[in-house]
Amino acid sequence: MAGFDKVVASYAEAMAGLTDNMTVIAGGFGLCGIPENLISEIERKGTKGLTLVSNNCGVDDFGLGVLLPNRQIKKIIASYVGENAEFERQMMAGELEVELTPQGTLAEKMRAGGAGIPAFFTATGVGTPVADGKEVRSFNGRDYILEEAIVGDFAIIKAWKADRYGNLVFRKTARNFNPLAATAGKITVVEVEEIVEVGELDPDQIHTPGIYVNRVIQGSFEKRIEQRTTRPADPLIAKGA
Amino acid sequence: MAGFDKVVASYAEAMAGLTDNMTVIAGGFGLCGIPENLISEIERKGTKGLTLVSNNCGVDDFGLGVLLPNRQIKKIIASYVGENAEFERQMMAGELEVELTPQGTLAEKMRAGGAGIPAFFTATGVGTPVADGKEVRSFNGRDYILEEAIVGDFAIIKAWKADRYGNLVFRKTARNFNPLAATAGKITVVEVEEIVEVGELDPDQIHTPGIYVNRVIQGSFEKRIEQRTTRPADPLIAKGA
Amino acid sequence: MALSREQIAQRVAQELKDGYYVNLGIGIPPLVANFIPDDIEVMLQSENGLLGMGQFPTEDEIDADLINAGKQTVTMAAGASIFDSAESFAMIRGGHVDLTVLGAFEVDVNGNIASYMIPGKLIKGMGGAMDLVAGADNIIVTMTHASKHGVSKLLSNCTLPLTGKGCIKKVLTDLAFIEIRDGKFHLLERAPGVSVEEIIKLTDGELVVSGEIAEMKL
Amino acid sequence: MALSREQIAQRVAQELKDGYYVNLGIGIPPLVANFIPDDIEVMLQSENGLLGMGQFPTEDEIDADLINAGKQTVTMAAGASIFDSAESFAMIRGGHVDLTVLGAFEVDVNGNIASYMIPGKLIKGMGGAMDLVAGADNIIVTMTHASKHGVSKLLSNCTLPLTGKGCIKKVLTDLAFIEIRDGKFHLLERAPGVSVEEIIKLTDGELVVSGEIAEMKL
């Protein structure tokens, strides 16, 4: 009896079934809350022709950027890209298709995909290149465009804690797109820092119920920081002191 | 400097500004998680011609049902009603307008209202009376109907805990429609069991950020139970023992 | 003999699979929870915002803040989670629930279901039923095969306002287990002691009876 | 003299009101946080999922899981809350943020803004900017009035791909505070020591100068 035990033992098992030309939705904002090791496993597998849906595309040697050198990504749907040289080279050379999508629309498209909402109207992007080819309709005197949902063959997620049932808790701003992406994958794979006993997570404080999760694996994470901004440690310098 | 202190001292203050013919969105499912005292305050004020948006309409002497005897409700948008005699009488007599809305569509309409999404497509209700007069459109070979968002002049909410900034935490299934209703009110009023110090609620575990909340009041609650179903206390009778 | 409510629930329970997330409506469906086979695990979703519904509470455990969609006091099973109504219907509408069991007044050969309204008589509303039938791929309708007066509830065309169009594939009545396919009812199993002729007589819509029809095992 | 980046931020900060929820974009806007008047409270929203952004962390406080929308390490202020990206943009798109401050390449007399793309040169994407300009009623654009080569950024018509259409009403440049209304720029204030003539010269779109134009107070 497997029941609801979703824990898998290896990254190979976690990403089993991923094949060329699939669509993969990834959680994370910049390098914060990204499924580092699931991305590495895709790199290792060498799966090609992928359509990636993610707010960003990592940097040259970390995050989704590691899938660029071997041309594993065919298309990326993102709100902010180009933090790395290889990305820009491939995009400018027309080797990589980029569909720029406003951040809020991207988040809503993932949520809609998971929630059985095939399309919704938003004012975001009206009158801009984002509206090209999209229906415009007026509600209460204001124009909105119709945006369609996104569903992925796989969703790859980074959470803080999970139980074996796949209930998830995220930590601070590493939450970002992860709960949305988790709902929108036909197969949702989650890597976490810690797997806890079933019953240990307070039901009122679970961010993603296990019903959305197919596989859980425990990993260890580099958590690279993009902009290390600090203030002096001396409390006397803090405002108001 | 008031800053973000949203705590008010009286129910009169909590519902100040509510006038005849306004639209009020109420949280709660059945009698669970309903803003008991805010409803009583509306009864006391005698505000009339209200359009109420709520999953249910209470019972004869509790919940939104108390607004029926004095004919304060002009119209109700709900998924399941008629748990009380006066409601049925007014509905059958055509004194009360009832717009039956599927529960999931109702929840999504509130969320959309709060999230600046004027309309969305859903398969719920296709081919049923709910679809009457609504646009039907096919996406990926399946029919969906277009449903519009709901925004309220007021939203009345019951939460478990709040801090003075209006950050909210709900308890168990008393959460239900409350977080959605909270986003969809032009003025959102919340009554809670406990007001805690700012900083006491874990930022990762706040269900409703204070940005949606205008007023907070501490109340005491009857929490009436509709269906008191129990099992025998003897653990030997429990399955598997 | 016609199945009792408990026996209907018992037969439905045989359709459960290990690891299923299941939504049980009101009426007969909640009884299914009493017949979950010991060798499988199932999680019950209650559309008011609970995944992992447990048994009824003892008197001491009663909590007004913890109810199911039938407004009954319940408990939480281990691994339960709580969420708001939009999230709950995101699960349902998004097709994440593996099986939905709900009652009906009528179903027809095209998979239409009427379950929420009898014009002029019963106008309580659809609650979550329209979302459930539109969102689930795998639905079992439980109902009596005919009214007390012998009027069939399995029709060529539903006569009452629809809850959902073309979404029902399986019906379990007190007399038979029926599949809906190609615009016809197909008799899969009959209740112990109930004859095929009886079922044919009480089925208004076209019923296909192919080969020997086995009795249900309960 | 033209305002420094800090002075622009300082003037913007005068537009803050007690109890405002504010989203500050990247570039000059984050500097506004340094000039919040002592007698008011403001909460900063960061669209990656944080309401109540605090100051930068000390070395000891650095947490890779806690960044702002500019991907900088930050801390949380008292009363902060964390949420996912859909909730964050529900706040923004739903008009719950009281003031948005962001940069731009160009604005025009119709309130159009171009800020995210220079075809062939800079194609990094719009991030949250399109949602922010579409969702907020109260937006202040901060930018230099003209390029280093003296080419105005306040135009009759934006030349670059738009971030938003008809959504900008206030622009604070290094030279002037300008309101957009009725298809025209309206000069509200000038930077200390900057003449009205200079501003007229560097403003490409129609500029209305009505009466005496006061110097900004910093």
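When the chains are written out, they are named A, B, C and D in that same order, and each has its own residue count from 1.
Throughout what follows, a residue touches a chain if its C-beta (ideal position, glycine included) is under 8 Å from a C-beta of that chain, and two chains touch if they have at least 3 such contacts.
Being a predicted model, the structure only gives us computed values, none of them experimental.
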**Study point:** Neighbouring chains shared between chain A and chain D, ordered by label
**Key:** B
Review point. Between chain A and chain C, what is the separation of their C-alpha centroids in Å?
Key: 36
Point to revise | Chain centre separation (chain C, chain D; CA means) in Å | key: 55
Point to revise | Centroid distance [mean C-alpha coordinates] between chain B and chain A, Å | key: 32
Practice item. Could you tell me which residues belong to chain D and also touch two or more other chains? Key: 76, 82-83, 86, 89, 92-93, 135
**Study point:** Overlap residues in chain A, where contacts from two or more other chains coincide
**Key:** 108, 111, 115-117, 122-123, 170-172, 175, 203-204
Revision key, fill the gap. Full set of chain pairs in contact is A-B, A-C, A-D, B-C, B-D
Point to revise | Sites on chain A touched by chain C in the complex | key: 1-4, 111, 113-117, 163-165, 167, 183, 198-199, 201, 203-204, 206, 209-212
Practice item. Name, in rising order, each residue of chain B that touches chain A in their complex. Key: 108, 112, 115-123, 137, 139-140, 142, 144, 148, 169-172, 175, 203-205
**Study point:** Touch list for chain C against partner chain A, complex
**Key:** 18-19, 21, 39-41, 43, 45, 51-52, 76, 78-83, 86-87, 89-97, 135
Revision key, fill the gap. Chain A residues touching chain D in their complex are 29-33, 55, 78-83, 91, 98, 100, 102-108, 110-111, 122-130, 160, 170-180, 207, 223-233, 238-240
Review point. In their shared complex, at which residues does chain D touch chain A?
Key: 38, 46-50, 55-60, 62-68, 70-74, 76, 82-86, 88-89, 92-93, 112, 117, 123-131, 134-135, 161-166
